[in-house]
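Per-chain residue numbering starts at 1, and chain names A, B, C, D and E are given in the order in which the chains are listed.
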Amino acid sequence: MLMQIKNVRKQFNGVDVLKNVNVDVQKGDVIVILGPSGSGKTTFLRCLNFLEQADEGTMQFDTLHLDLSHTSSSDIAKVRKKTAFVFQNYNLFANKTALENVTLGLTAGRHVGKSEALAIGRQALDKVGLSDRYDYYPAQLSGGQQQRVGIARAIAVKPDVILFDEPTSALDPELIGEVLRVMKKLAEEGTTMIVVTHEMKFAQDVATHVIFMDGGVIVEEGAAEDIFVHPKHDRTKMFLKRILPCGGICEEYECR
Amino acid sequence: MLMQIKNVRKQFNGVDVLKNVNVDVQKGDVIVILGPSGSGKTTFLRCLNFLEQADEGTMQFDTLHLDLSHTSSSDIAKVRKKTAFVFQNYNLFANKTALENVTLGLTAGRHVGKSEALAIGRQALDKVGLSDRYDYYPAQLSGGQQQRVGIARAIAVKPDVILFDEPTSALDPELIGEVLRVMKKLAEEGTTMIVVTHEMKFAQDVATHVIFMDGGVIVEEGAAEDIFVHPKHDRTKMFLKRILPCGGICEEYECR
Amino acid sequence: MDLDLDFMYETFFKILGGISTTLELTILSLLLAAPIAFYMAVLRLNDAKISSGAVRVYVSFVRGTPIILQILLLYSLLPSVLNTIVQTLGINFNVFDAIDPFFYAVVVFSLNTIALLSEVFRSALISISKGQLEAGLSIGLTRFQVYIHVIIPQAMVVALPNICNITVNLIKGTSLAFLMTVKDVLAIGKIAASFGYNYIEAYIDVFFVYIILCTIIQVLYTAAESKISTFRAMHV
Amino acid sequence: GKSETKETAAGTDGAKKVITVAHTNYYVPYDYVNDKGESDGFEVAVMKEVAKKLPQYEFKFVPTSDDDLLIGVESGKYTVGTKGIWKTPAREKKYIFPKNYIGASVIGLVIRKDTADKIKDMESFAAYSGKLVPIAPQNAQYAVVEEYNKSHPDKQIKLVPSEAFKVSDAYTWVMEGRYDAYFEVELNYKNNVLNKNGSYHQFADNVSYIRYKGIPTYPLFNKKEQKFADEYDKAIEELRAEGKIAELENKYFGESLSNYIGDSDK
Amino acid sequence: MNYRPFDPSFLLQSIPALLPYLQITLFVGISSIVFGSIFGILLAKAKLSSIGPLRWLAQGYTYVMRCTPSIVLLFIVFYGLPKLVDGLFNYQIDDWDRSVFAIITLVLLFGAYVSEVFRSAYLAVPRGQYEAAVSIGLTPLQAVIQVVIPQAMIIALPNFGNSVINLLKEGALAYTIGLIDLIGKGNLIISQNFGAYAIEIYLACMFIYWVMALLIEKVFFIIEKRLDKGQTLKTVQTVKQDKKRARLFLIKGVKFHGPGS
């Protein structure tokens, strides 16, 4: 088991945003988290990367056993070296060009040589279709371009685990396809991923495990087929019904 | 004719981002702009609201005839009083709560009484499903919640024209449905809208006119049926093919 | 070396009498300077060639040259100039008696505070993202309204610690007004000390008064800062 | 406390005890730093002669500001301080004043010529208007005027304290009527106005000078330095007897100041 | 006015006489700025720290220092420090160069002031910037240095400029303990002339200070331009300005074709 996350609880101003969340992640897994707006998806990912301190919860990562509510900074550093985060609002470094955004994690974070980092960085940007925007600053990029830089930044450092928070929200359907293809490729290469997304197609195609959250708890989880084809809970059924082609019961993926 | 936009040209650092863009808008129109990332959709909307100064171009708005490249600030103010903008990256007022974000345009911008403004503001937030987040600051809201506040802020001032820049990108499919319903209702009430979106369903259902942009020019435009069912240009065909259910030829809307 | 405690005790209360002068000078200067300084900051952001250049020259001159020297120019020259003007116009007005030196002090310190504050405001404005202005404009607010409702409240969070720096510096710096015979806290201490050369005692007294005064002011500023920054201190 | 142990330690080493003479650095021609950056001036020159008489000590001259000089002598950082100080009873509580004065200065009023018929002395000035250019309180002149006011309660001069201002303003202020008199050391008046090269010589016809009195000036000693103060007194008496001091007065002032000092002040 | 002698040639003559004394102003000033900034950074870091006592200590220090008039602190350092060092280590520092005491004083004060400048600028950078940096494996220190500080700097610079120029002027404080700086020399010249030429000398001093301030501001201006990557409120308007220039150009070019073509 690569990651075992247990019993995560998180409050904001006394309101529970996450309650007793448990997730097991095997190496190479692609875990998709679905759920309505405000259900705690982002908060959960942030807790995993210690950007938010959980009030309770443990995480076993590789050989590390961590208490999410008070983790030593050296442990945090270890986990972060092996993970990367794609932010819902991109959070590109405003003072760095697209290429610098992508290479920084290599040169500063991983002591990769400058020219090698540049090569890797260019490659990553090329993958997401930004070969003509290397030297643009974030303020000069369109929404979709910024989002893709964010993705390139995360994949460039070749982490063991990537946490994606709605990585295709600002993209047009054409590009969504491209980006999902890149992600699929990563999955095939064995990168472990936890992905918050509303792209059902991607979930159906790639997810090894689907989690449906609502109100800070995991309502239902299971293999993609199970969740999409035979959801058990009413809440899940309702959610899926509205959004899947053919009213939620859709065995023929091609339809979409 | 409510708006007639002619010959808009815009460069950034000597690179054309918009070239000779012409759009006619009738009162009550819902114009949907489609196009790949970086094609200039956002820039176009921004030029219409004078957030970006076009290098060339004219706009007739109601009885006003404006030169987009040098407009007097009083004319700009007149246009802005009648329009609202939903930003791709939300741009919520960081120092104001959700409710204050929504009411500010009423109290300060339009001299609506405080209690009336509050009533309108609450109603607008309720419409987008945020009745439990009135007093949250933007930093305390999830991505989708922020996006919905942005929408509520624009519709609360009841403008003649609303410019939407990917208003549902951060929403889950369930909410997308809700928000699109709100927009449909606005359309039925006669609000004119120019919407950048990738929600084909919405375009198909509501758009009176669809514009497909690429590389800063309008490649193709026409009624929704024409564009979706019988696209003429190869570029349009390619774009649609990838994204529409059933390979771009889809007469049965229910399918999605 | 023995401290003259009696002297210290007596002088302390004498010095307290200077607080009003110190505070009046400080507060008046701040209030007079703030709007002008803010306008200057906006001019500089606009980067309009002439006005922004003029502001830069003003700021560099006023904050770049010692206040003592400015006082010298203003206090020793200006009244003379005014007097000459009044005389040649034949107006029956005694410039030297009618204008209280306090007035010159307010002018000098306001001019200085304008220069410093304009930089404080400029830095605070730089920290606000442009989307905030655009969002305000797009819902039909005037630029002025956006500044009032959105930009200034956010900018103040960044500005307050720096305004606090300026305020406490003013409190201490207004003692230069003694060059113009205006007696603030420090001046009273110096006068008291001069008879028996009790400088050490007087300075300790003055120090105490400043500690009280500046602590109150700093506490107020810190409270204000934490109050107006509630909106952003979410993730800790 | 601690400085004492330090000094005795130095003393037992057999090294000479160091006498630090602090002097103000721009009170020309009494104490100042000359073009070469050396300590200079009449009082400094006298102290240097004193040093020759007391070879058991090593003298060190430190130019510094008035504030530092006063605090430094009080705290023991400096042994002696000299800046043209006038004796007052309050000051004697803090410092040792020697029996013998070191120099003297003559002070008086600078007034406009057109008021010369009305202002003849301090009393008539007080009667005329009493508007005197402000004086820095640490300046001894302040104490002199204050003393005058105490002894003439019915003929007060308007004494306004302020931080020190430069002379050029004061002359101008008097001439343009902002004030009616300026309390000034006679020597400065001579150099500025009467001297053909003085920068105010062009206005020699506009102003005149009324001598008030000459006042002896003293160096200050740290409270623990009574022994050294006594040795100083002895040295000064010898120097005065030898005519050395008169010689220096001539060098720095071009005349003997001692003549101006009234017997009561000596 | 006619009663005020004014000799412009004296003003010009005095500049070369004054300039060498700028050296002490600059020496004291620059050393204090360098060490004071480092100290200020440490203080700001402490104030932002999650360790309570450290935070309170730094905050308390700032409070007290900002209450302290520089001249009082100077005397405390000049008289107190040698006694303290003597008492603690039995070591004499009385004879140290006076500039050392002036520098220590100014470092203590400057540190307190700029720590607030740094703190407010640091907090003004959106937290997401730091988060993004650590999320790709930068250490917190690297994240701050590589990402947060460059963005905080553009916000801090104007206030830092205030403090730096203020400090260079405060350098005149050194005069109180007998160091002759620019203004000190000015006063010397004035006294050597029995108080005459004060206006001329002071104008010369002002002029020198002003030139110094202009140079400093120029440097800051260049740094600021370099740091601005188009994210600030400032740039909306600069962009507009560029456009105004471009438009002027356009109008010229279009003249013969008539508008609207």
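Keep this in mind: a residue touches a chain if its C-beta (ideal position, glycine included) is under 8 Å from a C-beta of that chain, and two chains touch if they have at least 3 such contacts.
Molecules present, by chain and UniProt name: A, B = L-cystine transport system ATP-binding protein; C, E = L-cystine transport system permease protein.
Keep in mind that this is a model prediction, so the values were computed, not measured.
Colleague: Chains touching subunit C and subunit D alike, please list them.
Modeller: Chains that touch both subunit C and subunit D, as defined above, are E.
Colleague: Going only through chains that touch each other, what is the minimum step count from subunit A to subunit D?
Modeller: 2
Colleague: Please indicate which chain is farthest from subunit B, where distance is taken between mean Cα coordinates of the chains.
Modeller: In terms of C-alpha centroids, the chain at the greatest distance from subunit B is D.
Colleague: If you average the Cα atoms per chain, which one ends up farthest from subunit C?
Modeller: Of all the other chains, the one whose centre lies farthest from subunit C is A.
Colleague: Specify the chain pair with the maximum number of C-beta contact pairs.
Modeller: Top-ranked chain pair by contact count is C-E.
Colleague: Measure off the straight-line distance from the CA centroid of subunit B to the CA centroid of subunit D, and report it in whole Å.
Modeller: 83
Colleague: Between subunit A and subunit B, tell me the centre distance in angstrom, where each centre is the average of that chain's C-alpha atoms.
Modeller: Spacing between the chain centres: roughly 28 Å.
Colleague: Based only on mean CA positions, could you tell me how far subunit A sits from subunit E in angstrom?
Modeller: Those two chain centres are 45 Å apart.
Colleague: I'd like the Å distance between the centres of subunit B and subunit C, where a centre is the mean of that chain's Cα atoms.
Modeller: Taking the mean C-alpha position of each chain, the two centres sit 47 Å apart.
Colleague: Going by the contact rule already set, what residues in subunit A reach two or more other chains?
Modeller: In subunit A, residues 51, 89, 140 touch at least two other chains, as defined above.
Colleague: Specify, in ascending order, the residues of subunit E that touch 2 or more different other chains.
Modeller: 3-4, 71, 75, 198-199, 202, 231, 235
Colleague: Among all residues of subunit D, which ones touch two or more of the remaining chains?
Modeller: Only 67, 71, 75, 166, 169, 172, 176 qualify.
Colleague: Spell out the residues on subunit D that touch subunit E in their complex, using ranges where they run on.
Modeller: Per the touch definition, subunit D meets subunit E at residues 2, 6, 25-28, 32-33, 62-65, 67-68, 71-72, 75, 77, 166-172, 175-176, 187-188, 191-192, 198-200, 202-203, 206.
Colleague: Quick one: which bits of subunit B touch subunit C in the complex? Just the residue numbers, please.
Modeller: 49-51, 77, 80-85, 87, 89, 91-96, 104-105, 108-110, 137-140, 153-154, 157, 159
Colleague: Give every residue of subunit D touching subunit C within the complex, in rising order.
Modeller: Checking each residue of subunit D against subunit C gives 67, 70-71, 74-76, 88, 90-91, 93-95, 134, 137-138, 142-143, 160-163, 165-166, 169, 172-173, 176-179, 223.
Colleague: Any idea which subunit E residues touch subunit C in the complex?
Modeller: Within the complex, subunit E contacts subunit C at residues 1-4, 63-64, 66-72, 75, 113, 116-117, 119-121, 123-125, 127, 154-159, 161-163, 165-166, 169, 172, 183, 198-199, 202, 205-206, 209-210, 212-214, 216-217, 231-238, 241.
Colleague: Once bound in the complex, which stretches of subunit A touch subunit B?
Modeller: 12, 34-38, 42-43, 88-89, 129, 133, 140-145, 148, 165-166, 169-177, 198, 200, 238-239, 242-243, 245-246, 255-256
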